[in-house]
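Both complexes below contain chain A, partnered by chain B and then by chain C.
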Partner chain A sequence: MAYFIELLVNGALVGLMYALAALGFVLIYKSAGVPNLAQGALVMMAAFLVWYLGSLGLPIWIAILAGAALMFGFGLLVERLLLRRMVGQPVIMVVMLTLGMEILLRGLIPGVFGASPKSIDLGIGLAPVIVADVFMNRAYLIGGLVALLLIGASMLFFRTRLGTKLRAVSDDHVASWAVGLSVERAIGLSWGIAGIAAVGAGVLWGSVQGVDWTLSTLLFPAIAVVILGGIDSIKGVLVGGLAVGILGSVIPGYLDAYAGGSTRDVVTSVIILLTILVRPHGIFGREDIERI
Partner chain B sequence: MFYRLSGVRHTSYPAARQLWPIAADRWQVGVLALLALLAPLLISDLYLGSYALPWLIWTAAALSLSLLMGLGGQLHFGFAAVMAIGAYSSIHLARGGVPFEFALLGGGLTAAVIGTAFGAAALRVKGLYLVMATLAMQYLVDWVISNVPAISGGAQATLRTPEVSFLWIPIDSLDARYYVALLWTVLMTLFFLNVKRTSFGRALAAIRDKDFAAAVIGVDPFRTKLTAFMTASFAGGVSGAILAFCYYGAVTPEQFGFNVSIQLVAMVLVGGLGSVIGGYLGAGFVLLVPIVLTNLIAGLGAAGWFSISQNLTAHLPLIFYGGMIIGFLLFEPLGLAKIYDNIRKYFLVWPFRHSGS
Partner chain C sequence: MTILKRIGQPAALALGLAGAAGGAAAQDKEPIKFGLLQDFTAVYTFVTGEYNQGQQDYLTLVNEEGGVDGHMIEAIVRDTGNEPQRGIEAYNRAREEGAILFDFLSTPVSRGLVDQVMKDEVVLITPLHGRGDAAAGETFPYVFPTMATYWSQAAILADQIKSSDGLEGKKIAVVHIDSPFGREPMPVLEKIAEVEGFEIRAFPYASPGNEQSATWSEVRRYRPDVVFIWGAGGGQSVSVQQAIRNGIDPAAIRSVVWMAETDANNVGADAMVGLKRFEATATGTDNPILERIVEKVIEPGLGAGDSSNVGSSYYNIGVATMTVAVEAARLALEREGAPLTGPKLKAGFEMIEGFDAEGLMPPITITATDHQGGGYGRVSEWTGSEWKPVSDWTTAYEDIVHEEIETSAATYAGGN
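What follows is the complex of A and B.
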């Protein structure tokens, strides 16, 4: 039983960190209708940037803030240079464009900053936190709490004046144009915010498992999170993240010994498949009604 | 001028429906076929084995995927898994003593059955969700292959292909393997060229453009989509088997990973969706251009033109590959086939700017 609770708690914390990686995906899909398969690479890029700024001698907090500013700018740039030309193109074009960007970043960033794993030290320490006989990974605990905070902040953000504009744009592009909102600026802004979310995910995951190209493989659990939670719902990111994290921790915890390892990928795949089979728009997603 | 249209008149239905009505096109195809046949005599074993052979096999694989994505409009991001199923089952059949020809067919059929099951699972959805569903299947198949020792020959193990012969000719030399690959690619090409003018091909085009509308005019979307998945999976499975037998010689699960699926989609897109010449050009481009450019830059760096770190050089192929995908999508979304078509159209009416009327 203690083993189960341990898996449950640590899985939930990891799931919150997955949710943070998935947040950028949802933000962009919500406002622009673009599936951003480069979100994993953005997370990796953010982690490398923060590591580099830190290695220049900046304190870690300043490095994170500067990294967030840089990634915000990078998100705006990507939207302006690449995605704006893709408006009205079929989904395969957008999917492949973001995948191409993912491949490009996966080559460029380790190529420039060095492929060997780096470490970001947040000063968390390694000793596990023990609450009522349950061992919790300290990095996961801090990471999960920070992720919860950031997701909550982004939920609150959508209640501000700017956030209301973003919601309006995500509802209906043409109607937003008609009342004088700049749709382009809103979509660009959502890319920028996705860049900032990538910094959060990149720093947390980078401090847990080191900074190298494997951070971009976070894309796969992030996809499971958004598919399960609903591809355009921030509430869904939270719930989906918890579900993917817990299932991806508890089931391998019992099955790995029999199935020969790495059942986590299987759990993630099955979550994606079952969701698409049973309820394609996810738990909280908005169901698209197709018209001929 | 170069593509002379004078004298091309159709006096019967077969003449109007022939594949290459213009004489210049027939000449080009003939010359290319001759060059392909004589390639073992013309180029050295190094180029034949490491460039021409993989190019041919990947072309066949790209054409299989193009059948599904280009003609049928069904996105598939797990095609490497289908190829893996074909490769593994044909190797196991051949090791069990089944003749190579039937092992290839068996590999194709297994891939068709499992690929159709995937297609059926994905039939409820389209577009982005189909991408995600096929992507999840890719991971599932990968995991099954590497975690069932009976299939992969043990985790982290490689499975060697046995010695086989094709139509009583032993496939032991590079030339023999090249000709097997050539035969399959030519078969695939002919099939692709002809499927476009069958009722199945037209049904696929109708489904691609709008499946509800196709249902209204009497095309069963369910059956057509399933048949498309089955046909493409069969072709992909055989291509995977040929890839294993004729090129790799030994297979590991990593050779059919998620990145390979993306590479296949990139080949189809860079070449041009649903185009035969695009399949050839796209496969060649995606396979060769990153290598050639990297060698060029490494060579220039070694010659002292500029200094480039070892680490960056190692990552250059990925950078060029990703950059190539982005570049094509932004500047020529219809791919290399469209560029070829533009050139051909220019020479069709040369020396004039455009045809009259």
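What follows is the complex of A and C.
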């Protein structure tokens, strides 16, 4: 039983950290109506930036704040230089643009900062937190709490006046223009906020595994999270993250010994497939989402 | 290594060439071209920067010291992104430019080009990557691992445990990335387990290994005496962190060769004390070749990258690979004469006997039947600041390793 609980708890914490990577994806979709396939690379870029700022001698917390500011600015630039040119183009073109960004950043960022793994030290010790024979990963515990905070803050943000404007823009660009909302500014803002979310995910995952290109592979579990939870739902990110994390921990925990290989990615793939077949809009997604 | 620094490499190499080509004799002789077509941007990024830097710095040193019998060595350095298609394209281009030796430092690319290099009769070196069965020289006449294969590494690590604590009755967990590379040591370890009477169990984790918590919960329940970790890059430091978080002493961990100073920094240099790894070359700069590199390449500003990498594990492996290649070229020119061709260079490799790169690596002897060079290596331990050898250069369970090589090579030969 302790083994099951351990898999469950650590899986839930890992899932919350996946949710953090998925949060930027949902924030952009919820505001701009664009699926952002570059989110994995943004997470990687954010981690590299924070590492670089730290290597200049900045205290880690200042480096994180400065990294968040820079990633926010990068998000605004993406809208200004790339997305604004895509106005009027089919959604698939925007999706391809974000995919191209993912590939470009995955090569460019390690090229600029050096491809060898870097370390981000958040001062989290390696000793486990042990509760009644259950070993909890201290880094995941803190990561999970931070993820909960950021997800909660995002939920609150969409209840504010600015958040409501972003939702309106996502619903209908033309109508938003008609009532005087700046669609471009709203989309830029959503990319900026997604950049900040990427800093959270990049720093937490980077502190666990080191900072290198493999951070961009978080896109895969992040996509599973948003498909399961609903691509336009922050509540869905939370539930989807927990489900993907728990299933990806508990099932391999019992199955791997018999399968002769790691089944975690198989579990994630099955989650994606079953969700698309059974409930295409996800658990909390709106049914009127345009399919591409 | 950053892009800016990488762009600077050809210039640095050209400087080396120009400086050394002062003599009239050198100007008359054709350069020898090596194709270092490697993965700078995808899977092998954890090692390629330092490894390639070591290779280029050593070649610059050779040129600074007058080349090989007056022939300068030109490194053709390009990125393959670990993609066989790009590797083939880069290979063809470098072939047209006259390269006669190739190092892809990528198992997929090397595997994809094995048949082609044998058809073209040019040398492919596959140190610490590629096919383990390429050690069988009769089956793979133009492919040279030159360093211990993963099978030999597993055998040497097992032998070190036998020497220190004994193997009989032990429980050994092999925590590995779920890929052909990760599974590679298992057949050899299973055979050694039968001979020595210990229990072994594999614990795979999904690639690239950034999340392994469920795997390590299972490992902890298994209560192993020793844990082998068989991965690369960020996955290795995650393995060590998870081991510690599950109460496993780093001193009980044995790692494949892909464990370096960077991983220690990621884990925490003090937290990893006691961990042991397979080592193919010495680390540090306390070696005549490294001292000359510092004096003649790094200090004059001819280095190919960040000087702080000089002497690191992967840098020194890169240097060692090129010392073997240059020694082969020297022997080939000495015995077969110029111009140097693929078949002559192959013959040069097979003339190498007891070569240890002035103490940088174990003495290797390459023959027409053994392209691994004997499969030597040693085990070193992380002290908190450096790797300290805890065994001598040795080979182990050669009969078991040889059987694995022969069986696999026969399967390849049967399919061609």
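As a convention for this text, the second predicted complex is superposed on the first by the 285 of 292 C-alpha atoms of A that agree within 3 Å, B and C clash if a C-alpha of one lies under 4 Å from a C-alpha of the other, contacts with A are read in each partner's own complex, and residues count from 1 in each chain.
Note that in this section contacts are C-beta pairs under 8 Å (C-beta built on N, C-alpha and C of every residue); 3 or more make two chains touch, one makes a residue touch a chain.
Being a predicted model, the structure only gives us computed values, none of them experimental.
Visitor: Using the superposition on chain A described above, determine whether A:212 touches chain B (first), chain C (second), both, or neither.
Guide: After superposing on A, A:212 lies in contact with chain C but is clear of chain B.
Visitor: Would you sort A:119 into first (chain B), second (chain C), both or neither based on which partner it touches?
Guide: second
Visitor: Once the structures are superposed on A, label A:10 by its partner contacts, choosing first (chain B), second (chain C), both or neither.
Guide: In the superposed model, A:10 contacts chain C only, not chain B.
Visitor: Per the contact definition in the header, classify A:82: touching chain B only (first), chain C only (second), both, or neither.
Guide: Only chain B is touched by A:82; chain C is not.
Visitor: Going by the contact rule set out at the top, does A:168 touch chain B (first), chain C (second), both, or neither?
Guide: It touches nothing on chain B or chain C.
Visitor: Just checking: does A:60 make contact with chain B only, chain C only, both, or neither of them? Give me first, second, both or neither.
Guide: After superposition on chain A, A:60 lies in contact with neither partner.
Visitor: Looking at the overlay, what does A:102 touch: chain B (first), chain C (second), both, or neither?
Guide: It touches chain B, and chain C stays clear.
Visitor: Check whether A:256 is in contact with chain B, with chain C, with both or with neither, and answer first, second, both or neither.
Guide: second
Visitor: With both complexes superposed on chain A, which partner does A:93 reach: first (chain B), second (chain C), both or neither?
Guide: Once the two structures are laid over each other on A, A:93 reaches chain B alone.
Visitor: Overlap of the chain B and chain C footprints on chain A, residue-wise?
Guide: 106-107, 110-112, 114-115, 260-262, 265
Visitor: Could you please specify the touching residues of chain A with respect to chain C in the complex?
Guide: For this pair, the touching residues of chain A are 3, 6-7, 10-11, 14, 106-107, 110-117, 119, 121, 126-128, 135, 137-140, 205, 208-210, 212-215, 217-218, 248-250, 252-253, 256-257, 260-262, 264-265.
Visitor: Can you name the residues of chain C that touch chain A in the complex?
Guide: Residue list for chain C touching chain A: 1-3, 6, 40-42, 45-50, 81, 178, 202-211, 213-215, 217-218, 220-221, 233-235, 237-238, 241-242, 244-247, 262-263, 265-268, 271, 306.
Visitor: So in the complex, the part of chain A that touches chain B is made up of which residues?
Guide: Listed in rising order, the residues are 35, 82, 85-86, 89, 91-93, 95-97, 99-108, 110-112, 114-115, 220, 223, 227, 231, 259-263, 265-266, 268-270, 272-273, 276-277, 280, 290, 292.
Visitor: List the residues on chain B that touch chain A in their complex, please.
Guide: Contact set of chain B toward chain A: 69, 75, 121-122, 124-125, 127-129, 131-133, 135-137, 139-140, 142-143, 147, 155, 210, 212-213, 262, 265-266, 269, 311-312, 314-319, 321-326, 329-330, 333.
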